[in-house]
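Each of the next two complexes has subunit A plus one other chain: subunit B in the first, subunit C in the second.
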Partner chain A sequence: MNLVQHRRNGSNWIIRVGLALLLTLTAGLPAGSAEEAVSEIRIADGRGDWGQPNPYLHYPRGSGYVRMSWVFDTLVWKGEDGFQPALARSWVFDSEMQAFVFELQPEARWHDGEPVTAEDVAFTIELFREHPYYWIRLDDVSHAEVMDTHRVAIHLHRPYAPFIPDIGGTMPIMPAHIWREVEDPNTFTGPAAFIGSGPYRFVDFDPVQSSYLYEAFPDYYLGEPKAGRLVYLRAGQAIAALRNREVDLASIRPEMVEPLQRQGFEIVQDERGWNKKLMINHRKAPFDERAFRQALAHAIDRQAIIDRSQRGFGRPASFGLLSPDHDLYSPDTPDYAHDPERALELLRQLGYGPGPDGFLQKDGEPLEVELLVSNITAGGQTAADRDGEVIKAQLERLGIRTDLVNLEQGSTDTRIREWNFDLAVSGHGGIAGDARILNEMISSAHGAGSVNSARFDAHPELNRLLDAQLRAMDPEERRGIVAQIQHLHAEELPAIPLYYPDAFAAFNPDSGVRWFYTPGGIAKGIPIPQNKVSLFP
Partner chain B sequence: MLTWRGHLLAYLLTALVMVYLSYRLPGWLPGDFVTAMYADSHVVLGAEQEAALRERLQVDGGFGSYLLALARLDWGTSHAFRVPVSDLILNALPWTLLLMGGAHLLATMLGFVAGVEAAWRRGGRIERTSVGGMTVLQGVPEIGTGVLLLMVFAYHLGWLPAGGGATLYVDHGFAERALDVLRHLALPLATLLLAWFPGNFLLARASMVLVLGQSFLDTARAKGLPPIRVRYAHAARNVLLPMATRFGLRFAFMVTGALVVETIFSYPGLGTLLFNAIGARDLPLIQGIVLFSSLAVLGINLVLESVYARLDPRVRVYGRAL
Partner chain C sequence: MGARFDPAAGLGRRLLADPWFVTGASLSLFLVLLVVLSPWLSPHDPHDMGYAAFAPPSADHWLGVNDGGMDIFAELLAGLRNTLAFGLVTASAGLAIGILVGLASAWFRGVVDQVLMRVADLLLAIPAVMILILLASFYRPSPWVLALVLASLAWPTSARLIRSQALGLRTRPHIAAARQMGGSSAYIIGRHMMPELFPLYLIAFASKVRMAVFMEASLSFLGLFDPTRKSLGRMISDALPFYYLDVWWHWLLPPIVLLTLLIMAFTFLAVSLERFFDPRLRAAWAD
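Moving on, here comes the complex of A and B:
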């Protein structure tokens, strides 16, 4: 045997071993049959870790709340057709008592077998008053009155229009017999901390794998949930995980819609419940001038941003902030067409003119702005910013020299909080949920802690209307007030709503479970298609 | 030249400096846990609520108490997870070691053998082709090969899992579990191997070429030693020193080195843990991981010194030959 032949034989041997190893590794692929999928649902998540699923431990993001919502039920719950009974089988507002009266499901049980009673509801109010659960505000709640074992009245200090979405449909009810003895709920992490009355029992959270395991609660008052087990997995590449049948449900990018549809996946699209917007530091010149902010609105071509940074998958946002899919959306809200001429005219009225370098200046001072951008997380998925470059180009075409600064999200948030910025690309959901979002995203009295809030208090009438809409218990009266707020927001532009990115999710219909985006979002407006109603029997 | 006691003291002082830096540096990140968690969330906090949260999370008693706590093996508690930092690190470490350690070891060993063999055949078609190929491959970023492998083997062929370190929450026997872990490891490991193998190959080849013309090899041949012994026991031994240096240096980046691959394949590990901790400004966890990796670098350095002396007796440590 000569040397060349010997080497060839050696190469063949290596190839044979390699192939054998590959075949061994690829053996036993997940079959993903319909039967297996019904007994278990696997949900993909780009990040995975959203804290442990109880009110004091989950992260204050939509995904964290949803993880908790499988374990803890609320009094009412938002389904596909609006609010529906949950722990309360009926409810009514008694205007004389100024109280919401709830009649509880008598069959409801905690995961340890104890009955859910009116005492638990009253205790929950007291617990969250003493140890706040930041998703709800109890400022307007006076007290809870236990009327009998399964009837409870929650009294208000004063009228509070968003009570049902903000408290009734968001506040998890806690078991009094467990939490009454807990000294510091924030550090209570034992197994009893996860006993709720929801459709699933919490079994495991692995912070390193970023995975969650839940098991169906067979004694759930609405009947045993459809899937025996519910698993959350971290999956960076949703399309491959879906294709491999490693998961049954995942949020997907718009470009994945067609290939996944061809493979038999069902696709659902969210309403316009999340918006990108341009934050403006309206506390400093020249952004404190309304006309300047209006000039920016005319200068920015939002459709071009959608076309270039979102590849066309998005729709321009309403300048009134509330989503056009919202019941209280006002179609009369002022609009700003992309009109560079009008933008220049407004800037000229403010004293700006072209300098020797072609960029605008005023009294010899060049007009320069800094635009902050960073990765943004929406619906559990994080995406790199692509809007900044487009906005910078549009502003510079108008003559506004723009310094684009891309920072890590925490650094951007800190600078916005401290008013250490000019312009920043930001985004938030909740705009198809209750109109209380307007208060949080406009006024500093309600949104002081949010970097997405404009914290704009320069217009007393706007702030008066924001307070008034919370007190308007008559739906038509509230509709009128909310329309005025949208109008004033569009005129004042404390921030510029840019666009609603298209959001999709894909699921395996063979699993026998139909997922949907909740109109108005889950609870306070979470745009995630993981509503527990989908797994109700 | 330092005695071994002086050497040990130098290491201890370095360790103390590293403890201080890992304690101090993460605190310079802009923002804090409350801002990172709540400022861009569904929850809008009032000023009083923010202050209360900050007060509750304020556990920093200064460097002295941090050092004392470390002495008690208390690495603190993660703000986000509410579990001890040491538990999180110990749970993530095996995955990092499996992926990074496995990739490093394989890349080094394969690179060494392939580099030596290529140098031995210098000037030939195989050597020229492999050097050209490896130079090109070295320039391909991990993200490129990772996504390509993922799309071919996970998405199109469906042969291997798209992500994760193992199939979770299933009852497997030991053999099934081991196979499952290997299946999940295959793509991320292959990605790292493709990224790191070329560097090792080129280094081994270049180091080998430098010694091939030296007279001690002629002596070895003249003694009638078999070619494989001349090649490995005499020539390739000189390649081990730079290879060991490279191995140690790259291993020092164990925590952050696999972040891209961990992200593409959703593979668990210290890199993802650190990345998320930085995003959440989870200071105790950042401090813990930074400290762990700093001490790991120090430890690897110590091991390398010993390894050098064994690989090449001419290297003197502690003022005397070992």
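Moving on, here comes the complex of A and C:
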């Protein structure tokens, strides 16, 4: 059953008359607080279905995680000013114990009224170790020690620098009294599967309408959330949904910024936290040659892609993968200027020369590549673009015959995962979050589950550095290592970062809720302006 | 029915007096002229992305420039050409199969007729659009292969129409005489039956073009063809996300109008030709 109620325009006049009377009666009273409760907040989403909101049922992309984050809280949480208390009101790293010690909020309750305890935290570690959750890796965690009802120590096998962003601020804490009895979490779909300790209770997901309904949890330990109900609606045309007041928040195209601003909507812009990139099948010839990948980097004019495909709304990406907005970004990362001559020279060194049809060939074999493209969902908005057309034109100008294939995003993801591709345009966030994203997006040891991971293990030094940055608890030491990783990534190019599209969202300020893009992204680095902090009282 | 109907008698005069035919033929002629004259009408390469995105209509770009920096008018003409070509190829191939099957069924009767008509029944029950979507999604064949696949699914309606008329024709005295004089099956089908049923082919052809054009536009709208291939459906799909800008009237509207005109042209022709040549509707006309 779809519990989402739609506004009825037919009764608008009754509401208006009522409001007018109310305004007349209250005109002499002092102004109310800006923090007044809102009955309902509606968020638009271009795709709609991101799975059900628990760790085992949501789709493994940022929007799926955010759907879950309303229901399940983590130990700490990233707000506008960095990490802030969530289920843990304080935390400290004890270097002697090699453990993070968390003191939990004594008022925290599960949605069924049970208290949240240190046992739950310890159980969550066990649960995710036994039944892995895609977003969390616990290789470096030794065990969790319950120190008392509200104090828990998470011991590490070895130093782990990204612990707070990667585990403390991302791992949802699960209720032991429910999940202890569950044999297979992947098939557990009953109402109890959605009992969390977050600010909202999950009420309904309508797979036909792709709408989600959440209700505020009045006993939330940080106070009752601002909005009584939270609704996600699938909306193909975000601007129309905003203008018609069907939704309060939507990701928008850059061209919508001005018209919506004129109509009183507030606009927020993301940092460079999401990048389009060219996935390369470096396990097969000719892409297994570093020089070939470098030739591609010289052949592709990224500014032209931004100009033609994004109408100028974007910025070229760093070849080192980490966002220039990141604290650990290295400005010394090598760059590849658009230089078709240099690209041809590299290809000539690899034995390629022009064939009778003008296209490149080697030993009589034509150089043909297949380029996969999809309508990628970024920030809750699925948008078609012309990246593929522009890249194809650029490669063909160089002499590389290119077969452009448009597939549904899931099909492209599957083909990339199975190494059944040459080149593919993909994209991901997280690049302004913790630098551990480099491990996930480069190495198969860390990112084998991610469709955007290059899974590049051919460079032992790069892999050594990736491991070393995780152990560097000294920030300056880590900065140096991360700079080297960016340098090597740019040299090796297991994938080619293309550009950061300008990302905007618009919201209705009359709703009393102020939305923002989280610096560094939500949790591990999700660049979506739907941080639950916005609805905290 | 009254006096024997002779479809050829005063055909041109009667067709030109029919507003359906005149409208359909004029529209078809206009669209074909647009395609034929496209190299002279628009000097721009429809794939050239070198112009300023969202430029409004001007003397150089009659319909302005799209989001990718491509001339919309050049794209429109290329899209019309591809969409129309898809329709014509599908209709020609589908009609050829329909004629062969319809005449063979009517002439040989018996097992041949039974088998062919059951295959036709089966194909009529299969939604062609689903087959095409699956094929296009998984195997990405060229548009020509898809056109032939669509033709191989779309012949049953024309085959049945032709068969029903050929069954009557088969018993006519001149066919019987040809048989008496030792004419082979191939000779009688090819020399007598096939030409005599010609008006039915026009009806079937027009309705198949209409169906194929609509199918091509739908598939390209869904993005199931090569993204660089120009098509009216693809243009609509590209323009829709920008409907909120002031570009709808010179970018979104033209492909919709052209597609509508294309479908209307062949619908009018099919309706008109049916009124003239389909024996099932002839009685009303003759009265």
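To be clear about the criterion, the second predicted complex is superposed on the first by the 493 of 537 C-alpha atoms of A that agree within 3 Å, B and C clash if a C-alpha of one lies under 4 Å from a C-alpha of the other, contacts with A are read in each partner's own complex, and residues count from 1 in each chain.
Simple rule for what comes next: contacts are C-beta pairs under 8 Å (C-beta built on N, C-alpha and C of every residue); 3 or more make two chains touch, one makes a residue touch a chain.
These numbers were taken from a predicted model, which means no experiment stands behind them.
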{"item": "Partner chain(s) touched by A:Ala435 [first = subunit B, second = subunit C, both, neither]", "value": "neither"}
{"item": "Touched partner set for A:Trp135, first subunit B, second subunit C, both or neither", "value": "first"}
{"item": "First (subunit B), second (subunit C), both or neither touched by A:Val121", "value": "neither"}
{"item": "Which of subunit B and subunit C A:Gln237 touches, first, second, both or neither", "value": "both"}
{"item": "Touched partner set for A:Val405, first subunit B, second subunit C, both or neither", "value": "second"}
{"item": "Which of subunit B and subunit C A:Leu423 touches, first, second, both or neither", "value": "neither"}
{"item": "Partner chain(s) touched by A:Gly388 [first = subunit B, second = subunit C, both, neither]", "value": "second"}
{"item": "Contacts of A:Val451 with subunit B and subunit C, given as first, second, both or neither", "value": "first"}
{"item": "Partner chain(s) touched by A:Gly48 [first = subunit B, second = subunit C, both, neither]", "value": "first"}
{"item": "Comparing the two partners subunit B and subunit C, which touches a greater set of residues in subunit A", "value": "B"}
{"item": "On subunit A, the residue positions that both subunit B and subunit C contact, one per complex", "value": "237, 239-240, 408, 411"}
{"item": "Sites on subunit C touched by subunit A in the complex", "value": "47, 49, 53-54, 67-69, 137, 140, 223-224, 226-228, 237-238, 241-245"}
{"item": "Subunit A residues within the subunit B interface of the complex", "value": "22, 24-30, 47-49, 51-52, 57, 59-62, 65, 132, 134-135, 186-187, 189, 204, 206-211, 213, 229, 231, 233-237, 239-241, 243-244, 246, 377, 408-411, 413-417, 426, 428-430, 440, 446-453, 524-526"}
{"item": "Residue numbers on subunit A that touch subunit C, as the complex places them", "value": "237, 239-240, 253, 255-256, 259, 307-309, 311-312, 373, 375, 383-384, 386, 388-390, 392-393, 404-408, 411"}
{"item": "Subunit B residues within the subunit A interface of the complex", "value": "29-31, 35-47, 49-50, 52, 56, 78, 80-83, 88, 91-92, 95, 150-151, 154-155, 158-169, 176, 179-180, 182-183, 186, 263-266, 268-269, 272-273, 276, 278-279, 281"}
